[in-house]
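Read through the structures below before going on.
Both of the next two complexes hold subunit A, though its partner changes from subunit B to subunit C.
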Partner chain A sequence: MVKQVPDSQEVVIDPVTMNLNRSLTRNVTNRADENALEAALQIKDRTDAHVTVVSMGPPQAETTMIECLARGADRAILASDRFFGGADTYPTGLTLAATIKAIGKFDIIFAGEETSDSSTGHVGPGVAEFLGIDQITYASKVEYKDGFVTAERELEDGTEVVKVPTPVLVTVLLNSNVPRRQTLRRKIDAIRQGFESWDHDKVGLQPEWVGVRGSPTIVRKMRPIKEKERAAKKVDIAGIPDLVKELYQKGVIKVESD
Partner chain B sequence: MSEFDVIVVGAGPAGSSAAIKMASQGLKVLLVERGDPVGSKNVSGGILWGNDLAAIIPDWEKSAPLERYVERKVTSFLTGDSEIAIDFKTKKFQEKKTGYSVLRTRLDSFLARKAAQAGAMVVTGVTVDSLAMKDGRVIGVVNEGETITADCVILAEGPNPRVAMAAGLVGKPNDRTVGIGVKHVYKLGENVINERFNLRGNAGFAGEYVLSFLEGDVYAGGFLYTNKDTVSMGVVINMATLRKNGNTHSFDIMEKFAQHPFISSLVEGGQLQEYSAHFVYEGGYEDMPRAYGNGYMLVGDTAGFSFSNGMILQGMNYAISSGILAGEAAIEARKDNDFSAESLSRYQKKLDNSPAVLDKKNFQGISNVVWSPMVHRAIPALLESSLYSMLYESGKPKKHLSQIMMKSLKSSGMNSKDLMVQGYRLMRRM
Partner chain C sequence: MAGIKFAAPVADLNEYKNVFVFLETREDKLMRPALEMIGVGKRMAEKVNEKLVCVLLGGDIKDQAKEAVSYGCDIVLGAESPVLSTYRTLPYSHIISDFVRQEKPNIFLIPATRNGRDLASRIAVSCQAGVTADCTELDIEQDTRILSANRPTYGESMLAEILCRKHRPQMATARPGIFPVPERIKSHRGEIRIKEVTVDKSMLKKQVLEFRKKEVVDLTAAKVVVSGGMGLGKPQGFSLIGDLASELDGVVGATRPSVDMGWITRDHQVGQTGQTVRPRLYLAVGISGKIQHIMGMKNSETIVSVNTDPNAEITKYSDYVITEDLYKAVPVLLEEIRKLKKSPPLQVQETSSTPAQ
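Right, the complex of A and B next:
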């Protein structure tokens, strides 16, 4: 499972409207999802696995689908329908789970730990719940052998190694591997092969279950964070007492007595 | 049997124009660009002169992402305290447009989209490593050890053509053939731009400056162009003089230009949106490589097509016209089923009769004059001190212009014979 997101290194916020200026921002594949795809491709390298990439998004996510094929995926399906628009993490998980179900048999579902544009980390685990399968989250290393997935999970106080029978969903840590490059040969083949675009009918969901109508989250209010005023000042040693006084008066520093 | 008729390396104006031309005539074209999105690696000052796009996109003036048309053209000398300028404004440019300011990320993306619409396969984010050769002819391109075959490869790599250089098709850039360009884009807002540059509607300002106030003998030119709500400003630095002054950095020169009293007032309060640097092709007619060979053609900056005569800096228009001509040559070669050097020499013949080559030929040696001490030091100093002497009311009896100029000439450190000779050369070369 992958998602196309605005390039976080290039996010430009319009200081007047406070909106994310998407005309200047380019769209890229969520970086943790690239690690998820790489983890899947490494298993494909060692077995005869078939890798299908699934995403939900607008038609412009085409570039991400082609990119995943160019890195080595066998098939790419984009769930794309105007009814899917405005979804929070609940119908997003539902839509992806339904898409995967419609594809048929699977052994392992890989997802990035979270996306860089909303950072919830909900969607992977949500899909596992909708499909009623086990899940391994925050995996840094994933191996497959004889119907079992062995994964290392990075925890705060150490590394946990778990072994789970398939089918299983694994969310993969950002930077846990080095995604392979797209080559010109693969990219040409990917463009020729093309990806599939599935609407709500093909996915098998009613319009009222998905998108903004299927989303339980209601955003009541959003406000921009007011930036604190900052200033730089150059003083010589003699000026320090005055500076301390000024900072004290402005409440920037305070004196604590014991 | 090759996989493609033609592979084009580089989706700048030259490469995309060639791809549009060929794909619209049914050729199987692959356009490869390392930047993603298209245009993100490309830099130019930003004025597209002329009407060359009309041949492949008839409605380009309506459909292309153009910023403003040039109505006001300034050619200026900047000294430490002064600006002496020719400020040419004409409503004639409103009826007959001569040039438009453009932002390359938008323009180049637009042209690549047009190529895809015409039927070319456009691949971005992938770098071609080298040319695939067999029996002394180009048979395709190589990426990550894999060969993609084509009957012909068009190299549109810009002024630092790695693939063409590695194959020995062009020489390495040297101090004479390239300069350094540094560019910033500042957001000012439409109204502020219109007020500061005395413009209305989508009329635009294009200024080119001789930066005569730089320390040492570093020669550099500045440019300032208005876009819809941003300005593009930058410098082009002569490589040879920069190298001689090891302590000078390109970004310092950019900073000094931006801080000049009569420039800073124009861009004050602007919000920096983009910064970039790039080689600028400066080679003359004598530096131009042969633009074709067995199974390949060179277009745009890679073939040496950019031009400056001191008044005007052009590149994109030649890039487009050379791309179209290479496209035409490929279409004819496809009909004959012959992509040998002999067959592709028709491209050179087309070029030889086009402004792209004729301008370079007719203005041979111009760069020696443009990058001369006369233009960069003596003339600005002479003009400044003469004008200052004439205009400052000292309360003393006035002197004749000739007397003032002779005195200024003496203080400029240039002898009158040199000035006469070089001035004559300048007039002839321009």
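Right, the complex of A and C next:
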């Protein structure tokens, strides 16, 4: 599962509407999703696996689809329909799960740990729940052997090593591998091969189930994050003794342990 | 309850009551984010005269259940089985989704830790609920009992307020380190309902082969954090930072590039992709103040920065700015603090200012 996102380095926000100014923002493939694709391709290198890329997004996600084919994917399907627009994580997962189900049999679904634009990390597990399969999230060092996936999960306080039989959904950590490049040769082949665009009918979902209408949550408003005003009082070397005293008087520096 | 189903709105919103929170544990101990959830959940429950219900799963959870009550939990809804002592997606999400269907909570909060995120979306899909990820502000509207779930977006420059009007429960995952841990009240009374469960084998196919615990510096609980950045110029700079931190009884923090350089380990990183801290004193040494770093420390009570560049972005987030070479300024700071500790001046008149929100 691969998503096209605005390039996070150059996000431009319209000062009037407070919305993302899409016309000024370049689109790229979500970086963790490149790691997800690479994890799939590494399995393909060693087995006779067939790799299909699935995405939900507007027609301009075409460039991401071609890019994935040029990196070595066998097939690319873009679920694209005006009804899919404005989806929160629920209908996004629903649409991707329905698309995957319509494709047919699978052993492993790879996703990124999160997207750079919505950064929820919820879509992967959501798809797994819709499909009724197990999952391994925040994975690095993913290995497949004899119907089992073994991976390391990076948690806040340590590394968990898990082993799960397929079918399973794996979300891959950003930078957990080095995505291969697209070769010019493959790029030409990819453009020639092309990708498939599926609408709600083909995916098998009703218009009111997906996109904004199928979303339990709505954005009520957006506001700029206002920071607490701070004095930024200037201090030079000679002023440090007074600063330390002032901080002590205010209880910021203590002479005894808390 | 898998299946490709759309999210049906609920018929009667009034059927849904109380605030649920999920208490994450490790090796049968409550984790700090669990306590943070109790704090924010309690505040909302009280606001609408409802109960705070804590969901707790594990191998042996009796002590943790009591602990949760002492932090303010009204009801502990527990499931106990030896196979639940380690978190696994399928048994946890099934058991908790069943709790949700039986008990019908209005709100359900889960910490946005890695396992919390692993779990939350499964429950939301299973129960056809709406979920808002990684919230930094949470509130409940008194009359409608609608959850106002606020999360940073667009590279942390904007705050989006997200509502879920017609689906229940209203779920949210909450960013660790943002919400304060509540005071413990030993006399607080609560009801503990723990049932022993048997878990179907089909849900236990995932084997957890090992857990390699790493020593983590818990920056989130520190009262003083002294952080170093690229301005240190070399790995040895962190020993100076370490000296200052230990003199102040604090811990060492770092920016991401200084971690990437290998000057210090990742568990010291503060910021969007590191830890979120809110100490009494944050000292930023040789740090430019890019938004991804600011995110993780802006709620500190007092912020002091040391930077040669008077126009560095960190300036506007600082209460005090030492515009000097850190290799000159930090030794003076050290010396002055040592002097102060030897002969503290007359008694402090005022105690610490009120903590940031």
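For this structure, a couple of remarks:
The working rule: the second predicted complex is superposed on the first by the 219 of 258 C-alpha atoms of A that agree within 3 Å, B and C clash if a C-alpha of one lies under 4 Å from a C-alpha of the other, contacts with A are read in each partner's own complex, and residues count from 1 in each chain.
Convention: a contact is a pair of C-beta atoms (placed from the backbone, for glycine too) under 8 Å apart; a residue touches a chain by one contact, two chains touch by 3 or more.
None of the values given here were measured: they were computed from a predicted structure.
In the superposition on chain A, contact is made by A:184 with subunit B only, not with subunit C. By the touch criterion stated above, A:26 is placed in contact with subunit B alone, subunit C being left untouched. Using the contact criterion defined above for the overlaid structures, shared-chain residue A:137 touches subunit C, although it does not reach subunit B.
In the superposition on chain A, the chain among subunit B and subunit C reaching more residues of subunit A is C.
Once chain A of one complex is fitted onto chain A of the other, the partner contacts of A:164 are limited to subunit C, with no touch recorded for subunit B.
Of the two partner chains, subunit C is the only one touched by A:88; subunit B is not.
In the superposition on chain A, the residues of subunit A contacted by subunit B and by subunit C do not overlap at all.
Within the complex, the subunit B residues that touch subunit A are 3, 30, 32, 36-37, 40, 121, 123, 125-126, 128, 141, 143-144, 146, 148, 271, 273. Residues 8, 11, 13, 18, 20, 88-91, 93-94, 97-98, 101, 118-126, 128-132, 134-138, 150, 153-165, 205-206, 208-210, 214-225, 227-228, 230-237, 240-241, 243-245, 247-255, 257-258 of subunit A touch subunit C in their complex.
Considering their complex, residues 12, 15, 24, 26, 67, 181-185, 187-188, 191 of subunit A touch subunit B. In the complex of the two chains, the subunit C residues touching subunit A come out as 2-7, 9, 26, 89-90, 93, 113-115, 117-122, 124-126, 128-134, 148-149, 152-167, 176, 205-214, 216, 223, 248-249, 280-281, 294, 298, 301-304, 310, 315-324, 328-329, 332-333, 336-337, 340-341, 344-345, 348-353, 356.
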